[in-house]
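The structure under discussion appears below in the form of structure tokens.
In order of appearance the chains are A, B, C, D, E and F, and numbering begins at 1 in each one.
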Amino acid sequence: MNVLLRPSGRAPDQLRPVSFQRHYTRHAEGSVLVSFGDTRVLCTASIEDRIPPWLRGKGEGWVTAEYGMLPRATGTRTAREATRGGQGGRTMEIQRLIGRSLRACVNRQALGERVITLDCDVIQADGGTRTAAITGAYVALVDAVHVLMRREHLKRNPIVGAVAAVSVGIYKGTPVLDLDYAEDVDCDTDMNVVMNDGGGFIEVQGTAEGHAFRRDELDALLGLAEKGVAELVAAQRAALEA
Amino acid sequence: MNVLLRPSGRAPDQLRPVSFQRHYTRHAEGSVLVSFGDTRVLCTASIEDRIPPWLRGKGEGWVTAEYGMLPRATGTRTAREATRGGQGGRTMEIQRLIGRSLRACVNRQALGERVITLDCDVIQADGGTRTAAITGAYVALVDAVHVLMRREHLKRNPIVGAVAAVSVGIYKGTPVLDLDYAEDVDCDTDMNVVMNDGGGFIEVQGTAEGHAFRRDELDALLGLAEKGVAELVAAQRAALEA
Amino acid sequence: MNVLLRPSGRAPDQLRPVSFQRHYTRHAEGSVLVSFGDTRVLCTASIEDRIPPWLRGKGEGWVTAEYGMLPRATGTRTAREATRGGQGGRTMEIQRLIGRSLRACVNRQALGERVITLDCDVIQADGGTRTAAITGAYVALVDAVHVLMRREHLKRNPIVGAVAAVSVGIYKGTPVLDLDYAEDVDCDTDMNVVMNDGGGFIEVQGTAEGHAFRRDELDALLGLAEKGVAELVAAQRAALEA
Amino acid sequence: MNVLLRPSGRAPDQLRPVSFQRHYTRHAEGSVLVSFGDTRVLCTASIEDRIPPWLRGKGEGWVTAEYGMLPRATGTRTAREATRGGQGGRTMEIQRLIGRSLRACVNRQALGERVITLDCDVIQADGGTRTAAITGAYVALVDAVHVLMRREHLKRNPIVGAVAAVSVGIYKGTPVLDLDYAEDVDCDTDMNVVMNDGGGFIEVQGTAEGHAFRRDELDALLGLAEKGVAELVAAQRAALEA
Amino acid sequence: MNVLLRPSGRAPDQLRPVSFQRHYTRHAEGSVLVSFGDTRVLCTASIEDRIPPWLRGKGEGWVTAEYGMLPRATGTRTAREATRGGQGGRTMEIQRLIGRSLRACVNRQALGERVITLDCDVIQADGGTRTAAITGAYVALVDAVHVLMRREHLKRNPIVGAVAAVSVGIYKGTPVLDLDYAEDVDCDTDMNVVMNDGGGFIEVQGTAEGHAFRRDELDALLGLAEKGVAELVAAQRAALEA
Amino acid sequence: MNVLLRPSGRAPDQLRPVSFQRHYTRHAEGSVLVSFGDTRVLCTASIEDRIPPWLRGKGEGWVTAEYGMLPRATGTRTAREATRGGQGGRTMEIQRLIGRSLRACVNRQALGERVITLDCDVIQADGGTRTAAITGAYVALVDAVHVLMRREHLKRNPIVGAVAAVSVGIYKGTPVLDLDYAEDVDCDTDMNVVMNDGGGFIEVQGTAEGHAFRRDELDALLGLAEKGVAELVAAQRAALEA
């Protein structure tokens, strides 16, 4: 019965097929094409031996993120931000979220005075690009840190645990996990949840699109997110061990 | 004992003194100076008989928000965004949040083909400017709608319920309500919660600044927010009846 | 008879009620809400221990100004300059005028290597915002310098005399003092005059909006300005002694 | 004795040699290279059959101006405004002044629904570029209007009188006419005066660079300006009759 | 012997392995990942039923191109153009070249009043990104036109022949075909040649990086380009028939 | 017969009258008004004792160029780039070409750690502005270097040979030299060729506007360019010896 509910035929608590294609391009220290179903995001991690002005002399590193969307990642062409004179509000919101989320699993003292930039560029969009970006960027970040460790630039591993993200929402009255585009445009409530591998919450961003959500709905959504992130963390681990 | 916990001496579940100064300026259809303690935000509601391009011919109105901060609202001077070539990421994030929150209490069909712009300008900042802005903008919005109704431009009241917002966070291990600046810079977790007068959640935005927060902490924070918003809604009602 | 001339009922040589609300906000070293009738401008003076590149190594300080207008300070909403990609020509013209005017009463050697920025933000506009801004910014500047002197950062007072400004114009054929908005839109000639407390002229900016003005009209306008500025300087002094 | 005063050896009330080279370029309807000594400005007048949005349906025309400076018009190279992302405050201030000044001699009803744009580009700068620009732009404007009249696009001449401008200032204590760069950098007070051929004042913009100027100094400067503009108007007339 | 000349071991007149991956993404009407060795460019063709202002009422269509590079397509990270406030000179030069080149094979009358935008985004760079982009964009363009024809929006095929491009240069004194990055940074002369399938030249852009090139060197380079483009056109045809 | 072919009556291989007016303005170290018929470009060379960041510590200098067009250099007014928020693609393409071309005749080691900026501003346009700019900029560059040598800032002359440029194209089926505007808008193929005085090619940029050009047409155009540049180099030499 639930099979009939979702356009994709998924169960309410079922993720889309998730895959991580590591070493997707050759220049970046970490380079991962992550897929959540038809959503595909290229996440690269770039190491630079510089430090932002506000961290000078503190002996700490920094992790930051930028987000972009190729013009035809979407159903109709989206104008390039470079031709519109700058990044828009949505882009900035998303890349700030990605950066904060990944910094939550990095010991910046251990990273030392360098910057890792996570570029998340959407090649194809089908809903959930920011959660896919966070989940894929984690794998790219780990790969980049491994490069630093192989080169013996680090004394200890600055990565603390794992970080993954998933969207949840109320679609036609039912709480569902990992919304695709068809569900996203038609749902009442949309929440992005970023968690670590210990079950701790890093970010919770929920928005009522239609009616305001009740406390019990919020509880159900958080439960779905906990299940989804646990599965994503397992998938990250499998990809990194491959 | 808790009295000693917070720099301000407030109890963990205590709001700062809240006030609404209606008709603060004379040109805007709604104009409210809202204070949450030392945080003061001027919220104006402006009615314009135009409609954004994407709503043409739909018979609906729109509510949008802009947010700004006077250069010396803060402890050290902040450069004016107009001289930096545009609004930054934080500003866009906040004004998008204010706009979404207020649209949640407006029946856009009933509003008709007009735009109400809520300008929230921070005169003095002491933490919680975005939640004060949402809470004050609601009062300005109601005043502006009353102007429309007095002019008989509306058949029915497009305002559906009330909207208010408050921040909650974990400060030195204890969940507290309505963080001021001294608490904000020093807290582990910060969450902004927007709710309606029926206890429904409109936005939940929580960020772990230090350690990730556990599910039971999240539950406690949501409880505090429910209490705080209920008090804010009562204060809005009292101000509107004054 | 003259009572009938001006929309406000003022005599031709009569200022609007002028007030200065010092310490209007708490973070700025100087913070003054100045009112010229319904025109209200928040003037803050911020001290920064930096020096512009072109003054390095000269042992001098700098005084600069920025001007802004809240979107709904005006009868119809004005788009925020931060969303239009930068400050417009009128804004730049005004803030350059304010900066030049205030520098005329500052001994930059005595100020030492620091910058004082005067932010003049119009909360409510009813004509004469730039002259109100100059007159109020002077009071904020003096307050900020007192802070420096109390902190013993200055050997001697860098303030030399006082500066105030007023507009004059020819309204329906009669020279009048301190135009409000109703007069401003309807006047033939508009002149802003900045003077010091010794009766010296710092800036004279006159524009014929309708017919060119004769030399005798110019003389009458300058006379009115001399009277108005003398009264404004007295009001500044009273406010600073309060 | 006065001969020794000014670096150029001019008498205090003596203009620099002034010339107007009409038809300097071939595409523009009016094209005049004006020289005030070594200051050379190319003024072109371009006619366009369009009308700004705010004048639609009013049956009036518009006259506007733009000002620019070639990068090496000055002693050291000035960065091109097009590479700095836009026009600066000084440029906007000047072009707004030029536009206002020239509109003072145009009957916009008689001009009909068209725009004349006066481009004033400084080829070589030696002080007084804005007054040279106004004085030269008037000649270009008259030439452009003659083109319209020859083509029988106008029923009556929209030009009302003549407009010219000159700078005056107090140099080493003496009021002088038409400051060149050597005088400009070293003078106490600088005033730009725009007048018409009937002796009426259109703009008066005086700035005390050093000490504030007394009323009697102001009177002397205005007298010099009256003399200078009268000579410039005669030179314009001679050029137009050539 | 020549085998030793080139870092890649290629013969002087040998292309890198070339491939076209059609339907690489699912939203665009044409979507091709073109590879010239390690250079990989995603070329999408987007159809829009609009027409640029200057073509209104002419019954013609338009083909335009945009070019971008993902930040980590290169050996060291390149800042995103969207964060630098706009497209740089090199990007504009390249996308204008791509647009002109592709318009050379389109009958714009037959295309009708629509725009096809070719977005060429470099996923991985190893020299020759602009020639790979042109060659791949042609395949994407043909696919997009087939979509239009299948939907019966076109009466006749607007594609006239084929267009491909290749770089040639003088590397260590020898003319070579299709420079990779290692050759590009070290070559004396670099020429990009765009041709059609009839052997006609559409664009020739040659730059002497080191010494100026002689007429006989120019002749040799043009000969290599003719050979290379013929092979690329054959590869395009094979890909389109697959 | 050919005399009738070209609108100007020129023979196919005939340049327009070319002239160089040296010392056209007085501030720049080199200042040349170059005319190719009615195309007039002011080329100034400015010496600055600074070095771009990427050349620090290399002991080399740099030569760069900027290009602009006065708004009414053209038949209809072109909006000023400074008011459009920045330089457009065409401008950047042209100034990059001018810079590369002139660097080809400069020994940057011999120039020492300084920058020469070549500003090429079109006063009047009639086709071929970029080739006139390159040809005139060379003369300005030589004059500026002479200033350096007279001031004994250079040990040896950094100028190596001469550089000039000309356009060629196929006009009504016939290859012609040095296209003017009337020919340019109506020609099938347009090529700009930059060469040195030894007959070496520095840049070749050919674009088929109508039909693609055949190899034999390309050969004929290159031959015309060789003839034209030889004449331009002779004219440069004559001007520099005057």
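Rule of thumb we're sticking to: contacts are C-beta pairs under 8 Å (C-beta built on N, C-alpha and C of every residue); 3 or more make two chains touch, one makes a residue touch a chain.
Just so we're on the same page, UniProt names per chain: A, B, C, D, E, F = Ribonuclease PH.
This structure is a prediction, so every number in the text was calculated from the model and none was measured.
Annotation of chain D and chain E: jointly contacted by F, touch as defined at the top. Looking at chain B and chain F, not one chain touches each of them.
The minimum number of touch steps separating chain B from chain D is 2. Although chain A and chain E share one sequence, what matters here is the overlap of their interface residues, and that overlap exceeds half of the numbers used.
Look at the CA centroids: the one farthest from the centroid of chain E belongs to C. Measuring from the averaged C-alpha position of chain A to that of chain F gives a distance of 51 Å. Chain C and chain D, compared by their mean Cα positions, are separated by 28 Å. Along chain C, residues 85-87 each make contact with two or more other chains.
From chain A, with chain E next, the chains follow one another around the ring as A, E, F, D, C, B. The part of chain C that touches chain D in the complex is made up of residues 86-90, 92-93, 95-96, 100, 104, 191, 195-196, 198-208, 211-215, 218, 222, 226. Residues of chain E touching chain A in their complex: 25-28, 31, 38, 40, 42, 44, 46, 48, 66, 68, 70-77, 80-83, 85-87, 91, 117, 119, 121, 123-125.
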